[in-house]
Amino acid sequence: MEKIKVGIVGGTGYTGVELLRLLARHPNAQLQVITSRGEAGLPVADMFPSLRGVVDLCFSDPTTVDLTQCDVVFFATPHGVAMAQAPSLIAAGVKVIDLAADFRLQDAAEFEKWYKLPHSCTDVLKRAVYGLPELYAADVQQAQVIGNPGCYPTTVLLGLAPLLEQGFIDFSVPIIADAKSGVSGAGRKAEVGTLFSESSDNLKAYGVAGHRHHPEILAQLKKLSANDAVNLIFVPHLIPMIRGMLTTLHVKLNAKGQQQRLQQLYEQRYAEAVFVDVMPAGALPETRSVRGANVLRLAIYPQAADYVTIIVVQDNLVKGASGQAVQNMNLMFNLAPDAGLQVLPLLP
Amino acid sequence: MEKIKVGIVGGTGYTGVELLRLLARHPNAQLQVITSRGEAGLPVADMFPSLRGVVDLCFSDPTTVDLTQCDVVFFATPHGVAMAQAPSLIAAGVKVIDLAADFRLQDAAEFEKWYKLPHSCTDVLKRAVYGLPELYAADVQQAQVIGNPGCYPTTVLLGLAPLLEQGFIDFSVPIIADAKSGVSGAGRKAEVGTLFSESSDNLKAYGVAGHRHHPEILAQLKKLSANDAVNLIFVPHLIPMIRGMLTTLHVKLNAKGQQQRLQQLYEQRYAEAVFVDVMPAGALPETRSVRGANVLRLAIYPQAADYVTIIVVQDNLVKGASGQAVQNMNLMFNLAPDAGLQVLPLLP
Amino acid sequence: MEKIKVGIVGGTGYTGVELLRLLARHPNAQLQVITSRGEAGLPVADMFPSLRGVVDLCFSDPTTVDLTQCDVVFFATPHGVAMAQAPSLIAAGVKVIDLAADFRLQDAAEFEKWYKLPHSCTDVLKRAVYGLPELYAADVQQAQVIGNPGCYPTTVLLGLAPLLEQGFIDFSVPIIADAKSGVSGAGRKAEVGTLFSESSDNLKAYGVAGHRHHPEILAQLKKLSANDAVNLIFVPHLIPMIRGMLTTLHVKLNAKGQQQRLQQLYEQRYAEAVFVDVMPAGALPETRSVRGANVLRLAIYPQAADYVTIIVVQDNLVKGASGQAVQNMNLMFNLAPDAGLQVLPLLP
Amino acid sequence: MEKIKVGIVGGTGYTGVELLRLLARHPNAQLQVITSRGEAGLPVADMFPSLRGVVDLCFSDPTTVDLTQCDVVFFATPHGVAMAQAPSLIAAGVKVIDLAADFRLQDAAEFEKWYKLPHSCTDVLKRAVYGLPELYAADVQQAQVIGNPGCYPTTVLLGLAPLLEQGFIDFSVPIIADAKSGVSGAGRKAEVGTLFSESSDNLKAYGVAGHRHHPEILAQLKKLSANDAVNLIFVPHLIPMIRGMLTTLHVKLNAKGQQQRLQQLYEQRYAEAVFVDVMPAGALPETRSVRGANVLRLAIYPQAADYVTIIVVQDNLVKGASGQAVQNMNLMFNLAPDAGLQVLPLLP
């Protein structure tokens, strides 16, 4: 089979280098072009020595390169870049996977409110698919444009999907998502707040008054539960580790939900999901058990007062970003689900 | 004024060395004796070179040393040691401050259930005071025996006290305490789980099915709210940092509570508390802002659906353990509240 | 081709789990058995959840399992275990790769001095090959028993081999190897010194008075230089990172050496070595550029006074241990050199 | 006694906040003014919440504030700022302590070569004193302008002073200083290279081809040894820890030096130095043993071939910067040497 020709726009951030790591060993993909405004001409391996001898490309100037030669283009760029370029790519038959937020929120007004940008291609947005393969595989297969989910939403939605789909949650109280992310989630930007000396040996919450993933999660919670009255309290925290995300979910079960064997429910729901691992009752997932791998692990704990706590871990850069993007690509091109995604977690 | 003569039982753990750091510079205290079963004869500064030139004592054999020469004895020992020795010390007029759990739970049956030890001196227990000075200062002043609070309980109780005391919480839903601790909370014991290579660059929850601080918190919540129907969901997490604790509290306000200006309530409640800092609205406390200091900082965030989120930080070894113990000592001996506790946080 | 049947003795340490990670995805190897004295019966994936769904084996009892069914057995055990079992395995035609020190030092007296154990099979020792493939590939191919090199020696020897082989070093002054290792080098043993709270945010030297890798390095330096008058100052340091080793080598060039273009010398020497990367002049290798991968990178810096500084990095658990062991296996069974070793470094 | 009035220019970096921490509790000093170009008007405690309730100042605009009201002004600024302002302060009788490099190198041409700035007040430079109190106490006492030493030079010079002063080093081979610094040494600047995700779990050398501390060390080595033929190989490394510096020094002893008892020599040389701790023979200094404190510890190891290895640790922000600056101030104003510097190391 001929290899899929892949382009990456914006390859100098963490999701970019992670796409490179995964795609460089993908049996069915061929890295064709990778762009960077600031680094055009520089060999990729000069910026990321981990790829010396593996990736021979140089960064291309995004203003001169022709991306329509590609079969699929990943956007590992700031918000707003993908929507500017998507229409012409689509017109040329190129599939688009955006790792930023341009195609995540179906409600353009919500997008504009949270990202302070007008949405420039709402028609494309309408046809875009929210790329969470465990929930929307059939849509992903047919999609030409994917809005790759945010890292936090991936944990919350896969952590709650079995309950949401079955209508087992009592929405009279808010869902509480106490989420924790490694520092790489903030990206490879020069900022004081994520310096080693600022974020090491330290712990803080952030975005308590409003985080961009809040509307994304909420929209999906409403869609999956077919209920507009969902309340969500979402508190993200910054953890002194490079990679990894752990989300602790507290939800109240309704009368129907209280009668279920939740462990069994989750195991059955995800029996065919190669990248979701429901741990045995009582187990405690830890982020290092998925470090570097496209796996999301979760465990379920019944609590007092008809509550249940669900703990979900993933690598924020893999299942929470670039790995999920490749998983979407595999579906869109009808490849083996785990093509290029067989890399095992690095532990310790 | 003559200096208070201080003894420390069990000085080789982290709360022990932290007591040494604080007491070595305390203007009104004199370190008299420090014991260790395993290290008798060893100069303290050989084990903790940070104290070279400052602490000249050697560890004493606990079986031969006479602790009744002391005015106060701190127990920085495993659970069960203080209750074995407290009666004879009390008989000799020595005050006792236990940093373990022997005198924290008034209900001896609860103690025995969680700590798997019979309580050997329930009469002493009855007179023991729960050493949270911001809540029980008057009792502490009169106490001969202090059960120094656990680190997690300190954050939860000081984080909620203003609401509990005023009766502003809706107890029909559980209080959710999503707590995060640095690794030093696990102590200076040789265990695989807290090795650097196991707990660095990693994040996990633990004790979800039941943590010993759960009954301690619950007992105090009931006492402070004068309400036995309190539910608590308590999920502790292990954070890859040495020191620091951040607890995220989610509570529902009742009708009365919804009409309050909580920021003002908290500021007034803690106006005279020299070791509690209510941050301005919108601020985000971080653990490094209290690293090494006897300070607890908190911030209050109104949420949807009549919920409020309160974020509390402290250094688990200081305000969560040894600093609080010294704070109790100061009260018991009528010293300046901040004597020996003026050390500033180390940032970065 | 039929897959090679692999046994691992002692699979609960870090070199053990690293062998599992590499061999589980090896195209030509089949994990047959893995033993553990303490954990017999436990599913491997219960101890290492990173392997859930990938490794289905349970740990076997080493006293009952028959390892002669294997084609090759790796010993990821404390020193002394391999030499006890090697003779019977060899008699059964099984190849042996020892990741401990039993077959590293040809001089049994030296072994006994440093490891405080009598050597129980000096005849096997004589035929054992020091498994540094870039130096001794032909011997490795023929070997039945491999002494897999220590992590520090790998960096020093590959860092100096081009100079040693050509006779370019002035041995009138000592070779100085200032070496730095991540904490995983100390293994997965419950010890206070490598607790997170002891070794995080900290730096120290250790073993300055004598480290077991010193005689190993020295023996090879003498062999490679054919010179018994070599002096070595070796100072290892413990770095607060999980994986990674960086060795800074300072050597004086002799008259011949001063006339060489060392950059070119190194590039030519390692042109065919798929796992050694000579970086361009002026580049600065960092350990994360090899994290998780079987790669050793180095760079060469001319210094004043006819000295040269060579900086070498590797992942101590991969090229410094388990990856190198698999590299040896590939040679011994005539497989592709990089079979099972194509995994890319994890960065960030 | 009236308190000394202190000004700080450039208070938003790590040496600035460290000066604040130490001076806020100094019994003889009064923080009068602190400037920042970018943050004028902002309360200091808003930027550094660790100082809430302790430092009530706001940052002042450096262009409008009158620093001549101060008795002493610390410059915690980029190189070049102090020399621009020093002349007018000196004219007004204000003492100046520069934590940058403006007054470290007596040779203005060397300064200009390494710092790419013309030196604007070479007359002041001539009278400036290199502020290493253990070596130049008498000069510091008389000084009006102090060039506070760099962090690396402090470790190298105090580590070698006893040998240099006595003429015990064989200069026919280079002195090798293999130095390691925590990340805070790079300052509080937004740069990609010192992001948490870049420098955590990683190790690298830097500045191998030339570091600004090289000429500073070399100038002092020559001065202390009264020998212009000194060679120095200086290789700094970046360690994933916030604070702390460990320098490993390798030197060859000359014939005279080989006959000395070095342990005794060092102990005697530093017997009166309250901030230098010579550890007992065989001890291994670690950086955490000085974390946050104005202490430099060292240990001496005889090696083969008449070499000696000396290992030196300090907190780069305290004895390597702000603590040393306060130590200089104490000398200049005839205060107790340890005034404001009694804070104990934070361990763990």
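For clarity, chains are labelled A, B, C and D in written order, and residue numbers in each chain start from 1.
The rule is simple: a contact is a pair of C-beta atoms (placed from the backbone, for glycine too) under 8 Å apart; a residue touches a chain by one contact, two chains touch by 3 or more.
Per UniProt, the chains are A, B, C, D = N-acetyl-gamma-glutamyl-phosphate reductase.
Keep in mind the model is a prediction, meaning the values are calculated, not measured.
J.: Based on the averaged CA atom positions, which chain is farthest from chain A?
T.: It is D whose centre lies farthest from that of chain A.
J.: Which listed pair, C-D, B-D or A-D, reproduces A-C with over half its contact pairs identical?
T.: It is B-D that reproduces the contact pattern of A-C.
J.: At what distance in angstrom does the C-alpha mean of chain C lie from that of chain B?
T.: Here the centre of chain C sits 46 Å away from the centre of chain B.
J.: Measuring from the mean C-alpha position of chain B to the mean C-alpha position of chain D, what distance in angstrom results?
T.: Taking the mean C-alpha position of each chain, the two centres sit 37 Å apart.
J.: Taking each chain's centre as the mean position of its Cα atoms, how many Å separate chain A from chain B?
T.: Averaging C-alpha atoms per chain gives centres 39 Å apart.
J.: Can you pull out the residues of chain A that are in contact with at least two other chains?
T.: Expected reply: 14, 182, 184, 188, 197-198, 200-201, 240-243, 285-286, 288, 291, 348.
J.: Any idea which chain B residues touch chain A in the complex?
T.: 173-174, 176, 178, 180, 182, 197-198, 200-206, 208-209, 231-233, 235, 237, 239-244, 246, 248, 250, 252, 282, 284-288, 291, 301, 303-305, 307, 309, 311, 313, 348
J.: State the interface residues of chain A toward chain C in the complex, per the touch definition above.
T.: 14, 17, 21, 24-25, 48-54, 184, 188, 200-201, 242-243, 277, 279, 283, 285-286, 288-293, 297, 317, 342-348
J.: Can you name the residues of chain B that touch chain C in the complex?
T.: The contact residues of chain B facing chain C are 14, 182-184, 186, 188-192, 194-201, 240-242.
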